[in-house]
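The structures considered in this document are given below.
In what follows, chain A forms one complex with chain B and a second complex with chain C.
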Partner chain A sequence: MSATDTSTTLPSTAGRGGGSLGVARNLGLVIALVLLCVVGIITSGDRFASTDNMLTILRLAAVIGVVSIGMTFVITGGGIDLSVGAIVALSSVWATTTGTQSMADDFGWIVMVFSAVIVGTACGVVNGVLIAYGKIVPFIATLAMLASARGLAEIIADRKTQIITDQGFTDFFGAEPLGIPMIVIIFALVTLVGWFLLNRTTFGRRTFAVGGNPEAARLAGIKVQRHTVYLYALLGTTCGIAAVMLMSRTTTGSSTHGLGYELDAIAAVVIGGTLLSGGRGTVIGTLFGVIIFTTLTNVFTLNNLSTSAQAVAKGVIIVVAVLLQQRIADRKT
Partner chain B sequence: MSTIHHRRRRGLALIGAIAAATLVLSACTNGSSSDDGANSTVDKSNTDNDKSGDKVVIGFSAPAADHGWMGAITKNAVAQAKQYDDIDLKVAEGTNDVNLQISQVETFINDKVDAIVLLPFDGAAMTAVARKAMDAGIIVINVDREFDSPFAARTTVLGDNYGMGVSAGTYVCDKANGDKNKVVAEIAGIDSLPLTQDRSRGFKDALTKCGLKVNNRVAAEFTVESGEKAASNLLQAAPKIDYLWNHDDDQGVGVLAAIKNANRKEFVMIGGAGSANVMRAIKADNTVLKATVIYPSTQAADAIKLARLLVQKKSMSDLSEIEVPRELKLSAPVVTKDNVDTYLKSAFES
Partner chain C sequence: MTSITAMPTPPLLEMRGIVKEFPGVRALDGVDLVVRPGEVHCLLGQNGAGKSTLIKVLSGAHAVDDGSILWNGEPISFADPQAALAAGVATIYQELDLIDGLSVADNIFLGHEKARGGITRDADMNRSARELLKTLGHPEIRPTREVGSLSSAGKQIVSMARALSRRAQIIVMDEPSAVLDPDEVDGLFRVIGDLRSSGAAIIYISHRLEEIRRIGDRLTVLKDGKTVASDLPARDTSTADLIKLMTGATVSSIFPRRTTGLPEVRPLLSVAAIGRDQEFDDVSFDVRPGEIIGLAGLVGAGRSEIIETIFGARKAARGTVTVDGKRLRNGSVDSAVESGLGLCPEERKSQGLILDDAVYRNISLASLDRYARYGISSEGSERRAAHAAARSVDVRPDDPDRIIRTLSGGNQQKVVLARWLLRSCKVLLLDEPTRGVDVGARAEIYALIRELADSGVALVIVSSDIDEVLGLSDRVLVIADGRVVHDGPSDGIDASGVLDRILAEHDTTTDQKGDAA
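Moving on, here comes the complex of A and B:
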């Protein structure tokens, strides 16, 4: 009963998330992306505007993109997760140990996919339980997970790179049906499911409610603690999927995979227009955030520009995006 | 010193053509990689290999320059490319994210570059995309961290980690001069890395030959902070040391700080990798640092030269072989006060 009740009792909070405001904010992102593309075409011409290059951008965006979609849910729900990169590393290592790989030889490579997703989800559940029931601040709980998950990955892998021997796995995820790389298709599916989940289900409505005002949400009958665990578990699952994508791209599992993903994902989510304090979030915005950052990287690579210049540009874009976002929000409310 | 060189040469001679290439290459790079870059390579070449030829587009990608040696790798590669007006070098952003490094190589493939010089963050993880580049007809030169498939690169340029250990151990044996009671200590880098294990194995093997062993061994993590921590523990554990080999000059900054704090002077310290700081200290001769073993930061610069030769279908002028070799292992010479001026030019700033 509470399911339907919730969605009707909290229309204002939720409505703001995907309503007219969202359109305006996404408009800013579209303009930013178009500007970037114009810069790319002016500076690199056909090298930028080729199908091959578009696919290169999308392949690069896919791994971090899937993590960012999961991160959108956690941040919308009023949390934060610093451990995503470490979870990706641990999942990739767990799924490529000699034990898992010999099991995969017997039962098919799907075993590797399942173990990566299960390990990722389990880490997410641990994060969620520590935060919801252990009452540890998300920042601290996930910081602890960051350290221990990567440490555990190093122990399991003995800091070595584990090579995937199963040809079926690399063939499947390396395939390009209709000319579109498999990992880009997975990214598209995750984005679609994410958008549907956040905007068209009670799960999504509850996420906005929990992020906007946990106390009000509790009074409205939402089991806030349980929902928080779900959110972190969901992010863990996307980390597991990202690990599988990274495994297919590198044909390895390694404790060094996913370094710095937490900041990339949070940056993409925030410039996409999701409020860092929770209560407002947009999957489409996050998609744009990810694409904008990867396109930026691509334009810089095509033009032979240095690391340092790129880091400065990223910083400026984050600040400008957030400032714009505030201006637009002020005008609309 | 001369005995070391004889031993090294004898050992390397066994590898035949590769050995010759090694000596030629290290000779070349010593002259050519310095920043002010007087064209000493041109003088050394006895063919017209260095004359401007067909335009060569080379893509270059390496890990983030988070320590001095890695920074020097890219700097030397860029400086090398600038010496040829027929090279168009595209440098991708240095990164420790394999996902991003893969996409950089994909961009090079899209651009249809002639060759790719690749120092992978993780050799195994970059193998698949390197192979894709080779399949697309692009010449891939693998630097320092090896791919796990021979199909993924046309030529591989490597440093000699085992050789570093041998060089350091042989130097210690030389100094000990038959005295089997000398106390030897070792500060290694990250212990789980194959390169650290190779270095330690070489050091041990060389010491065994003259009846010495490693009495105290600790491992650091290539950073200044870890070097300081490991060294202070070691100095506590060993009240008297005769020889100390530190694997890496970047972490050596911390090691030296710990030695200074403990006020120890009774031993001879040997460095590793060959940073300019350490070489200047060797030259000044006023610290415990008396030698260092080089791990060339010019590997990528050599790879650029080889890529150019391969694309222009030239051969290495000092070899009788027509084709450029499949693998080049660069030498790991010992630098002391006597020969420091030769190597200081090509040293990296940490």
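Moving on, here comes the complex of A and C:
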């Protein structure tokens, strides 16, 4: 139900950055989603088209969705981040150590939330500084972070799953105000803030400029290096938030959390219409990308199809989406 | 075939009326080029005159929009690089197109490897490579050596061996001497001489006139995408004539004159003895509000480097820049912009514009903070203000949402001007403000520059077009070899006076080089 709600905001956002072609591109995403839903209804009927199932899809989309919104900023700014899954794992582990949990007992569960978000942001800052000031290409810098953040998570957790004992934490994030799961509400909030930040603030405008032509941005007086650090820090923050959401869904912190998130997030961003080369990006498109992938998973699961078949379908969707994107880019020039 | 006599041989290549258009700009607008076998044909022209585009047409990288190409008297079209290579045109690009990780022999035979059934015959290739390198007088380069470990000169030899391996009849060399030291240039010229006497023709592109005099037979001069002179003898055409042809010594009345006197006030911009190693040194000047200072000189004299250093895009090794009494932080563009400086860069597309973004967003790029409160932009007021700025410089079409890429060069330049107009900058630095701009739009840009000056902006203009510098500026600084060789009011000197100053400097440095050798 929320999925169809967001589609009504399309016309107003479609014209931004991409001109009239933005409408066409988002239209493609709407059609893809509708087709998936039709397949779902035909094959599973009411089991698919129920409010409960819609909420299941959104709950499934929420964690990777929050990471993908952050990823949209980094890719629009001309970068890439492979370390998001590892950062989620490290944040979740750090926030659930016995040390942190005993502090949480004294000062409230908010301590756990803060530690996750701060650890995530800090990892992002390290990525950003290495890339902007160390001049290491984003692929390599974040590959290094991928390896070391997950390694550090394993060391801290001693490869054990850490159970969350704080009842207040699980109660708060497990709540369903107005029947909507808390993590779906968080996902909606992050999406809204992300959309606003990218389209309505100077920060967003600088992101487009830095991704579109960093030299022109620099010569227009924009602090390109500093902005790059902000972008990776922002993605780190969303990873921290995603870690909190994952902790509430699983009531654990673990060094195996967030495996494969980097590819899922990049795929969602790219099929949403954000250019991998930077300079053009859309939060709404990313939202669609995430929901299309999770709906696909849902339809496959309802029909008892294997995850391997899902993976194949995912790959096909990515290729088709990128081919379409290139077609549109060619027509433009 | 070893005939290099004065008897005119039939042309090997004859290009007539070549036209090549890109969105918004006509890069080639009727170019003629005739190359005979066994000659070194020099191609001269300013940056942006169309030399690179012409080379790409010749090597099959660009398809022509109009014009005819005859090869040995037969019509031909270089549809793609393979077709050009098959016909016998090999190009040695400025940024050498070699693959560093492969061996010398692999690079020479790249794309036409000696192989049987898909299996390369390395011994065979190495043997042939050794022979080619020997022909070029460089037997010391081992065919098995990795290309990445060679010097620039060595790489150039490998590129030439590749051209020979293709049995090229025309070898195009794009500024081959730019990366070489004087000894290596001598070596290069020996090789060129050998190639010529073996009957191949060379198209040689260089900014260095003394080289053209040493090695060239005939020359063709391009300006603004047109051939302005052809079939000139390379050795006997005077430097002054060449520079006049390249820069266009057509004095016209399109330069709007100053209508008011200059106020006697404190300078807005003070440049004090700035310098950068190997680039320029001891450059000082003041610019008062409303004043236009012109920097004249040939390409490579250090003009762009000076202007970029003032703007903080390069870090000065010595000296200071002061704006309105406040000293700028060295090497910091944002401090310069903060203090009221603006730059219209030389490479508009790569340095100035976000090509796939809208006109209004490119204009407001330097003033985003002004149209935002607490970081939240006010899209409406930003777009309105940017649109007003676009209108004040008459960007056509009058559509603030249009994508920059689709505008002509002149209108793109107006967008960059509008950006700094919107920011109401105090000092504007213009690097080649009319490059790639057609004549009509040029007059409009001149009028805009004059308006800016009349409104109290201090301007510094760099241009290869000497008449443009003289026509616009109040005072002119002539730069040669990174030094100011003349500083005076622009009405006290004419184009030939500027050329004399440059040539005087040129001669003394050439003499010094001669003495040192």
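Simple rule for what comes next: the second predicted complex is superposed on the first by the 309 of 333 C-alpha atoms of A that agree within 3 Å, B and C clash if a C-alpha of one lies under 4 Å from a C-alpha of the other, contacts with A are read in each partner's own complex, and residues count from 1 in each chain.
The criterion applied here is as follows: contacts are C-beta pairs under 8 Å (C-beta built on N, C-alpha and C of every residue); 3 or more make two chains touch, one makes a residue touch a chain.
Please read all numbers here as calculations on a predicted model, not as lab measurements.
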Give one word, clash or fit, describing how chain B and chain C relate on chain A after superposing.
-> fit
Mind working out whether A:193 is in touch with chain B, chain C, both or neither, as first, second, both or neither?
-> neither
For chain A, which side has the bigger count of touched residues, chain B or chain C?
-> B
Identify the partner contact of A:59: answer first if only chain B is touched, second if only chain C is, both if each is, neither if none is.
-> first
Should A:206 be classified as contacting the first partner (chain B), the second (chain C), both, or neither?
-> second
Which partner does A:216 reach: the first (chain B), the second (chain C), both, or neither?
-> second
Of the partners chain B and chain C, which touch A:260 in the superposed model: first, second, both, neither?
-> first
Applying the touch criterion given at the start, work out whether A:110 contacts chain B, chain C, both or neither, answering first, second, both or neither.
-> neither
Give one of first, second, both or neither to describe whether A:155 is in contact with chain B, with chain C, with both, or with none.
-> neither
Smallest separation of CA atoms, chain C relative to chain B, angstrom = 31
Show which residues of chain A both chain B and chain C reach, each in its own complex.
-> none
Which residues of chain A touch chain B in the complex?
-> 47, 50, 52-53, 56-57, 59-60, 63-64, 154, 158-161, 163, 170, 174, 246, 249-252, 254, 256-257, 259-260, 297-298, 300-302, 304-307, 310
Chain C-touching residues of chain A, taken from the complex the two chains share | 17, 19, 200-206, 208-209, 212-213, 215-223, 279-280, 332-333
Residues of chain C touching chain A in their complex?
-> 23, 311, 313, 333-334, 336-338, 343, 345, 350-358, 361, 364-366, 368-369, 372, 375-377, 379, 401, 403, 405, 419
Which bits of chain B are touching chain A when the two form their complex?
-> 64-65, 90-100, 102-104, 106-107, 109-111, 121-129, 148, 190, 192-193
